[in-house]
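Which chain is which? They are A, B, C and D, in the order written, and residues in each are numbered from 1.
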């Protein structure tokens, strides 16, 4: 069975569900799933619709063109994601392995529908993990005063491998606006704090010093503002006065792994629509 | 604005979303919300659709008749719930007040769209709570060998007050099949355990003896099988070896209150469809 | 049985447990419970010890004097809390009732070992709740430019009633440093956010705008720095893109109630030691 | 620094803390940590005490003999665990890798203080994981009618490697009473359900059919009664009507990994005392 997922957003108006679903129904496609959301604060409408297009009799391009015409008439913003296209994901890491392993294992279990053609790091430490999973590993250290140069190499690799999604799996480098301009596809980061608390460096240490009773982690899309991008998923765990900063780190590792993998899965399952600085995450 | 919510279930087939949404759209109603679910295991389809029917030009009866014709053609099971009908809820309690208070307070806050015309108890203890909220209180004790008689009085009250939903807010009596046959509307119970663990009496004591590390509570629709009805909502909390049975009870009170109120709210917001012994709970 | 709880803190050194427990054992008191914590970062030692002093043959004053001598020798900071003294708690509220009710109900259930001799509010709205529970209610509005005057009246009431603990159960006023200087006993506040995120006003609105996926509440001791005092307890709940600011508020109410009551209970059970801006909360 | 942890249990009586702590203090050992618990239901007393024995001037045997004399006088049951002894842990697995990986990774991170000298499986599937971590892998299939024989081989391996703790990391075989009699050291199992719900086979399928809204996993010591041993740790996660049995399995994997690793860590940190069918788990 071949499927397509449309992610749609537009200003709310009468007849949108009926209109869109009828468009597809009249073309003979079965609607396998349809979720929607209306944001009453902004009067915006969001839809995720899954179609069985096994019996598509025209080309994919023609099909998209027909929908594009329909969409223009109704001022819909949209994207289409076909089940036979496997997205390519690059993993960027530094020295800690837990998020990297978690993604590789879930990929291995079949939870994450993607290819992982390369792992890039600014440190050599995790090459052995890449080796265990037979994935090419590129070590691109950031030398003093040469960050620009390193980023150019990294972006070059992402482009060479036609990367659709970059995942910062505890990559301890801030990406420059130039990087983000150059690599325009989505980037997901895991921040080891319950954002917006403890943005920036050393969140566990600062959480410890503030004496919080719950710690967390946040997966978000990367934007030019550090730790300010649209939040996809968050997770938390209780801590007690017995936990020192080291325990925060240890407990946090499990939270980070689970939260990042959930966010990456939601993205790869095309369940996320970004609107302003917020995300609609349709659940499956 | 007048709204109606349709809850629909049927065997899955092609064109259901488009068909149903078009039916309403062609009648001129704006679809305010539409959620659906397909159960792949049973090939059943479920929909919750919210319509603005402010501009309904025919009678409600005519409108329902037209939909009934449409529904029959497509073998839909359905119910319609109008925003201008305020359901009547009866609360049945025994001697503990926490669930009772939680429902009364949330009703007072406007979270629960219903009337609460009476509180019934098999004990006199909680009359003062009913008095605080100016709600008629009926004390109907269960005398030895006269349970049948007591139940007849209770059912009589539920019918007299045209009760749509009965909530067992820690009512420590098992309802007989005769009761359930006589009062055919939904009944929601809170069981103070994480079902299906610890069905029946003294769940906290048994949970303590088993040495569990997490306790819970379960809100479910009442069926003839004790604690076997469709689960609506569950909640849990961690406990430690320091907690004795009394602490389980104390900690459990908060879980019970929150879980029961969530279940009652979901029911009153018409978010629940029962299928077999399972519930679809559309979130809002 | 008469009990006393000692809360002790000092610089860590060899022989502290043995020394302190032997002091009490030699006086013939059974040690009912003894919890301790060593903060490795600050090399500080903390102990909570519960003694059965039913067979105290001297006066309480003499007993304390003896311990004071011992404590001075070992540079212990300490406080003693006797089971036959029932602390007096004042509740300060504004217009929302959920935290107020939760404390009153838990007090009624016997969970909170205290007297609640008065409720003070800057609004008249919740007088009916005070009436339901037969507690004197003082309405002290904050008139423009007369905050100082109002605070003087409130402090006067707290002193008149010999209040040991003041609980801000959603009291929507910031206490001035003068107030805190004048009323030196502990004050617990509930902030409707997961501190340190969203300090200050309108936390739910700002949480919604930031697009968080989990909301929370924080109970903390009040200090002169707004929302910066030592955190006692935090709680969280998941939210989705379907939740608007109103849902955050509604869902938040349950978190706030539970978190505040837990913090007040921990304080009244003498389980909390404050150190710097952090709390040691011994669990029971 | 050399440390020893004593785990002690006995009938509760006056002077226990003071007596035990003084015993060690008088020998010149600093008490690094001391936690205790009194079970009021059974009048049993439990202590975990951590000593710095760097300055032990006698042999370990002599030291234990002295404590044994003291313990006998006070009818203490006890065990002593020295920081310079690294326990040996055997991992038993079948075909799913998530729990295996999680333990190996946490071991690699230094969270689990143990050696893992071998992995045993009744299937060849996971040999590659053992290879990745350079751990000997023994494949011992269970042939029809030859379970006894296979168990003898497995027990032989556990004895040959002087295994202190066996971890069933999703080992899909029930150990016979003979096995348990032969290998007398502790065995920890992960059951993929929130015990005591869904004991035995296919818990996720049965949880799905029962329509639960929260799923869980339970780590427990293995006893002769299937899934009835003392519970060490439990974890849970919410599920919705959108989750089929496959989603339960997928979501469950994260819970199982975290719960099993926490239980193994607590055991290796000597934080657990078993009493009857319950566990005291001192937190650190």
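In this text, contacts are C-beta pairs under 8 Å (C-beta built on N, C-alpha and C of every residue); 3 or more make two chains touch, one makes a residue touch a chain.
Values in this document were obtained by computation on a predicted structure and should not be read as measured data.
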Chain pair showing more contacts of the two, A-C and A-B: A-C
Can you tell me which chain lies farthest from subunit A, using the average of the Cα atoms as each chain's centre? C
Whole-Å separation of chain centres (CA-atom averages), subunit A against subunit B: 37
Suppose each chain is reduced to the average of its Cα coordinates; what separation in Å results between subunit A and subunit C? 42
Note the residues in subunit B that touch 2 or more other chains, in rising order. 240, 242, 283
Listed in rising order, subunit B residues that touch subunit D in their complex are 37, 39-41, 194-198, 209-214, 216, 230-236, 240-242, 244-245, 277-281, 283
Residue positions on subunit A within touch of subunit D in the complex are 97-98, 101, 105, 108-109, 111, 132, 240, 242, 247, 250, 253-254, 258, 283-284
Residues of subunit A that touch subunit B when the two form their complex: 14-19, 21-22, 24-26, 30-36, 38, 238
